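The following block contains the structure, expressed as structure tokens.
For clarity, chains are labelled A, B, C and D in written order, and residue numbers in each chain start from 1.
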Amino acid sequence: MRRWFDDLPKYADDSSWWPNGTTRCRPEVFLFWLGLPLTIMAYFGLSAFLVLFKGLNQTNMNDYFAFGVWIVVDLAVIALGAGAFFTSFLNYIIGKTELKPIVNAAVLIGFICYTGAILMLGIDIGQPIRGWFGFWHANVHSMLTEVMFCITTYAIVLCIELLPSVLDNRRIGKVPEFGTFSHNLHTIMIVFAAAGTFLSFFHQGSLGGMFGVLYARPFAYRGHLGIWPMTFFLFVMSAIAAGPSFTTMVVMITEKITGKRLTSHKVKMLMGKISGWLLLVYMVCKSVDTLYWAFIYLPSKGLSVGQMYQAPYGSWLVWAELGLFGWLPAILLLTPRVRESYGLLFLAMLLNCIGVTLNRFIFTIQSLALPVMPFEKFFSYLPTWQEWGVASLVLGHGLLIFMLAYRYLPIFPQEPELNQR
Amino acid sequence: MATHQQGKKQRSRADWLLLVVGLILGSAFGFWITPTILYAEKPQPLQFNHKLHMEQVDNGCKSCHKFREDGSFSGIPGIKSCKNCHSGDEPLGNTPAEKEFMKFLKADKPIPWQVYARQADNVFFSHAAHAENAGLECTRCHGKHGESDKLRPYEYNRLTGYSRDIWGRGPIGLAGPPDRMKMDDCAKCHRDNGVNQACFVCHK
Amino acid sequence: MDWDRRTFVKFAVGAVLGVHASPLIPKFMDDTAIWTQNWNWVPVPEDGAVAYAKTVNPHTGTGAMAKLIDGRVEGLRAIRVEGNPDHPLSRGGVVPADASALQLLYNNETRVAKPLLRNRATGVMTQITWPQALDLVGGNLAELAQKGQAHQAAALGTDPSSTTGQMLMRLMQALGSPNVAFTPTPRETMALAGLFMTGQPFLGFDLANANFIVSFGTPLLEGFGAPVAVRKAFAGWRGYPKNQAYLVQIEPRASVTASQADQWIACKPGSEGAVALAMCRIMIEEGVYDRAVESAYGWNDVDGMMGFKSYLMKSIDRAKVASLAGVSLPKLVKMTLAFAKADRAVAVCGPGNSGDPGRLYDFMSVLALNALKGNLGKPGGVVAQQPLPLKSLGGALPEPKQPPLAGSDRPFSVNNVHDLAEAALAGKPYGLKTLILCGGNFVFNGPQANLMHDLARKTPFVVAITPYMDESAAMADLVLPSTHWLEGWGDSTTSFGSPVACYGLHRPLVKAVAEAKDAGDTLLALAQRLGGPAAAALPYKNLAEALAKRSQAMGDFKKLAETSYWAQKRPAYGQMRFNTPSGRLELFSRTLRQLVSKGAGGGQDLDKAVRALGVKGGAQAAFLPHWEEPAAYAEGAAYPLIMQAAPSLRTTWGDEAITPYMVKILPDTVLANADKLVVEMNPATARDLHLYAGDMVLVESSAGSLTAKLTLYAGAAPGMVFVPLGLGHQAFGFQVAKKGMNFNRAVKVTSDPMSGMPIWELTGVSVKKVRG
Amino acid sequence: MVIDVDKCTGCGACSVACMSENNVGVLEDETEKIRSITWLRVYQIDNGKAFPETEVAFFPRPCMHCQGGASGSPGQAFFQEDTDPQEAHTPCVSVCPAIATDYDDATGIVSQITSRCIGCRYCVAACPYHARYFNWYDVPWPQGTPRGLSPFVSPRMRGVVEKCTFCYPRLQRAKNKAFLGGGKVGEMDYQTACTEACPSGAITFGQLQNPAHKVHKLIQSEFAFRLLEKMGTNPKVYYMSKRKWVRMMADNHLSQAKATQAAASGGHK
């Protein structure tokens, strides 16, 4: 007698959807692991519901910390997602085709980061249903408007860039129209890569500009080059320095989890080298900027560097950001022997990514923590569980999308070749 | 590929016709839904004959829609204002609307008029600035309301709750006053006449 | 033509284009944009004709102007309370209590709308009608009167000089009860000091015209008399590039007054009077006093008793006083000389920081200092107010047969709620059966709140006449709703310290809540219900009529009501009239001596009698301005610290409750962590006690306690703890209730020597850390 | 606006008058000062000295209605002088993505239109005076209290930013009256609620640039100063005090940097 569940394995057999020449874990194992992102998403869902329904009083943000962990995470993931545009730029426009094996992964990670960031921003504002006023009644002078426009359009560009990978799925690709469409898309991808580069350059910069223009906030304010404050350029630089590292890191983590080789080490080393050089340039600029800020700008406002760093946001932050997570990874990444080692390369990239995250944290939280009026009190801020819940969205939906994409989409063109038995 | 192209050629004319049909239907649907579904009617508590009253008074609209001493505008007059003329216990005329009105008068109860030109709460509109300082006629924004012999039904937007007069009765809604009284119209007139357009000129 | 996918796509594209060609999309976008701006639960206040009506806030004495709006649908309502620029004293200014008065007026959750009867066992309140309510009170009182127990009914009010207060007195007296008592205020202390020394009960300080002001521990800028009037004077003292007047504040804490003063002399708590006397002696020694004072009665020794000068020379050594008060002697001398030299200098006494009525001998000392300065009756000095031209509500009534509960053991007494409560609770000479609380929220305001709480709990029948469901109403058996001052009639008389007499009248400006009645009208209705002598004593239709009768001399009542005030044009400058037995200024008070000697003989007896009245200095000092150590010093080692209030106009001053807006603007050095009262201590004192900022502490006196969070303030005198006033309500809605603790619950009230007035300026306390 | 710190007694009448004028609500817990909406907040400062030298003073702080762009303004930095007028503008206005706030050149007042505001709080971050407040909560209006609300100021909803408007609706009504009477809005016709309420007359309000107005003369005084002048925000609220320590407290000074740093770290054990 056949039992009702005997057929289940047949239905659950999704091997025909797997990318060509690859193997994936059994469906039940996959389903089991899907539980992890789904749990995170449930946590996110509960937090988001509370925040949307009861209001932002569910957070620990306040009139002094107008921005909190959400903006930090937003800025960080957008910086880390910069791998997408910069790798595409190098691959499609500069013609660094060596990077081809990792472009898809970069775009996917970018897509995850950007969609996550947009969703979080939607929850972060006090009037989510009016969020679109930024477009409807846009103020062209605001850096935030620029960010909103660029992020949204770039997210659309990312969707388009990601589309070929989806269409190249073994089953979907069999539909003739989709196949043709995908092919056509590939040929014009350079246009989107260019558009993406342009948009990204501006919003990465504008995110930095957001802080650099706050001229009444001495911690954040920076001098201008043209109409852009220095932070504009620093943010672009730090993002493109960290983006490739993050992309490569995610690939490396995936390799470790799946036990497969997904890209050749050469590609990773190249990514590391690119990261390293960019980071070096960034660190030089950032150091000059910091010195200028600390010894010329601040004193002109009657402030000293010492005042800028007060417990719990002490001066250890500078040393951490510039030294341990700045110069150190730059030097490491530029050392060929480090790049050759899988572990050390990973470590250097990790430091790099932590560095950029720390930078975003400092600009968001510490800029606000510093009281400008001498008689104001100094406050510190700790997020609530609801804030962590919403912030974990990127992790949850990132994992989910990445797991699905890895299982079904040909993200890693080198995979079949590298894993031949 | 070849068959596809062939098929396309064969059917192209009829197909394009359908596109036009779709266009017309879609557009008709849009034009139908915008006023019909979007707006609902509320009855006025009483009928009111502006024309008749205008014949009785000597200062036009301002006889009842007065400026107060502090420069503010009274808007729809309260029942106290009505008593200036309707002072006795007996109706002055013999319309059914007035009989209905006498009930409010006797009970000294405010008449719950639906206000056609009611703006959002955050709007500060200065009648003094427009009617006195700029010398605009009431009709510039309110049209020929003062010449009507009965109150038209009050229509309001189901989504926003505001009177239909704000967005205007024209199908496209681009007419400008007196058909429409949206912020864009205010801004346009201010722009055209070189009047300050800062937010706080008209918002509170 | 086949209806296949491609045709459908074309049709769909056409339809989509068609929809876009219609206004649907932009219209829908636009409407959505508008919809997102509508939050239906946000109130939309109705517009209407604006009108202003002048009135006077009886609780603060501020000349106010209610901004009224007459809406077409919602009718007349008040939307703001502003200052009345025409009012001669407050000239348009307000204090927070005025500006937020509407929050007490319009709050259905805290107002009493209908008479309520409370079941003592269950605490459940039920609505009853006014006739039922009046029957209940009337029946109760009538029964007592019938049984000859009328004296066992007592009534407490806030202001004996108001018309409602007068009515309360007449009603009780007509009923046969001697027990009417009022909130003790510095007006009484000042009246006594004035009577004893000058024969004038209504003395004021001409602050606006003074150019050198020495304030003895009285919070000039945190609540003194009519707070706005004082501030107006203060504003005149300031200027650029130099101040117009020199202000010296003598008190233990770096208060607002102390900080805004040109000089702050930090003294030990309770030593202010001694400093005043030291200044007198310095002036005499330096020869910089007005020689006219030498002709005062008691300048020299009289009848073999010490005169003022001898007393100073014998007991007030400048160095000793300086060290006792903890002030620098050279500074004190320098300041005194400047005071003596200034052309319009005045020394000011008044309520203490804790809001108590002040110590009689301190007031007398300050008056003596002013006399030495020679500023009595002069511009910028001490002036006598013209008595308000108010008529009596009726002829004299027979004195009740029973002695009053409080003060019968004193040669003169001011009937005050505290003494009455103490005596009634002790049952000496008898207990109470019925208690009428006419406003005042005594269960909260005390002065010793625990005591008033016990009184309300132990008295079998308690009636509260109040606009609010306050702490007193919550304990009453019967709650009778009265009007808020913006919706009812009432009056107020000259504030403490004012140089001119000023009468305030408030009238109904908006419709009263449901069935609320003016407190006066309730008393009249009660009198009618009782009939007989009560009705005869109060033959008025309503409060307005009584007010009209009383204020007859101030001109047309209707006009007066619209003007809202009557004020003496200018201070009475010129030689002050001394209505004393000697016809002169009396530095040795003959009046006082006569009053005391009435009960006792001379010599030994007198000394004994005086000591029985609490005067430690004995008969030699009792009739002179002199200084005695505050009782709080004698609390012993168990209560090593001294507690004083830190007053602020952001909390309250007087009997009205704190408002939500006032709670909102409290800094976190007053109220913190949602509901924690914050008390202040000097960092050095805290160190000695091993306490840190942020600790929860128990402040305990022999009369009660409170728990609070500790804050360290360098401006607080060592050895003291400073507590904010007016917090810790259990009533008045979620915006006010359960925030902080009531200062009056930790206060220990003592009797002022001689006058017997309750005083609570300083309380001996212990402070220890508790968990919390 | 000119505020005389030497006259201010910190009573809070201005703050309360402001709230009642502008329909500000009261939450159950208002001790959380960093979320408590007080358009005009009265800051207490002290001279930091020990007993008995301690002295306190008050800085009532409305919105400064910064104009920006004056001397000492942003672009003195690094590469070039900032020429973009938008950059040299009110700190909060230029950052708003939805034009919910603007700077009126005619009056110099910085507006805030709450129904346009999307609640991104970028302006809150931009303001060094903490004059901008976000509605973290729905305002609870206990039953009956809306009767006391003013129709001249629209009550706000949750999730938007609000701030002091220099009682702009009062100017609107003053203008109304002037239009009808044919006159002009005089100095005393337009006064803010806080100015009127202040019992010691510490606040003076008028047009800074109008020589006939009192404020014009007051700001010429050597005792007049502004908060954070070095930041280049160019605020329209001036303060006055004869006391040097009060004037020093209004801005950051390198000489004091060490002391405040020590105090701050001391206060955060």
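Everything that follows uses one rule, which is that a residue touches a chain if its C-beta (ideal position, glycine included) is under 8 Å from a C-beta of that chain, and two chains touch if they have at least 3 such contacts.
Here the structure is a predicted model, which is why all the values come from computation and not from measurement.
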Chain closest to the middle [Cα centroid of all protein chains]: D
Pair with more cross-chain C-beta pairs in contact, given B-C and B-D: B-C
Subunit A-subunit B separation of Cα centroids, rounded to whole Å: 50
Between subunit B and subunit C, centroid-to-centroid distance (C-alpha), Å: 55
Centroid spacing, where centroids are CA-atom means, of subunit B and subunit D in whole angstrom: 39
Geometric centre distance via CA averages, subunit D-subunit C, whole Å: 33
Residues of subunit D whose C-beta touches two or more other chains: 32, 115-116, 138, 154-155, 158
For subunit A, residues contacting two or more additional chains: 127, 130, 133, 136
Residues within subunit B bordering two or more other chains: 70, 72, 120-122
Chain pairs that touch, as defined at the top of this document: A-C, A-D, B-C, B-D, C-D
Interface residues, subunit C side, partner subunit B - complex: 1-2, 6-7, 10-27, 30-32, 34-35, 37-38, 44, 47, 49-50, 70, 72-73, 75
Subunit D contact footprint on subunit B (complex, rising order): 67, 70-72, 120-122, 124, 126, 128-129, 132-133, 196, 198-201, 203-204
Residue numbers on subunit A that touch subunit C, as the complex places them: 127, 129-130, 133, 136
Subunit D-facing residues of subunit C, complex: 37, 39, 41-48, 67, 69, 71, 74, 77-83, 90, 92-96, 98-100, 102-103, 105-111, 221-222, 227-228, 231-232, 234-235, 238, 240-241, 243, 254, 256-260, 264, 266, 648-650, 659-669, 671-676, 682-684, 713-718, 733-735
Complex interface listing, subunit B residues touching subunit C: 7-8, 11, 14-16, 18-31, 33-34, 38, 68, 70, 72, 74-79, 110, 112, 120-122, 157, 159-162, 167, 171-173
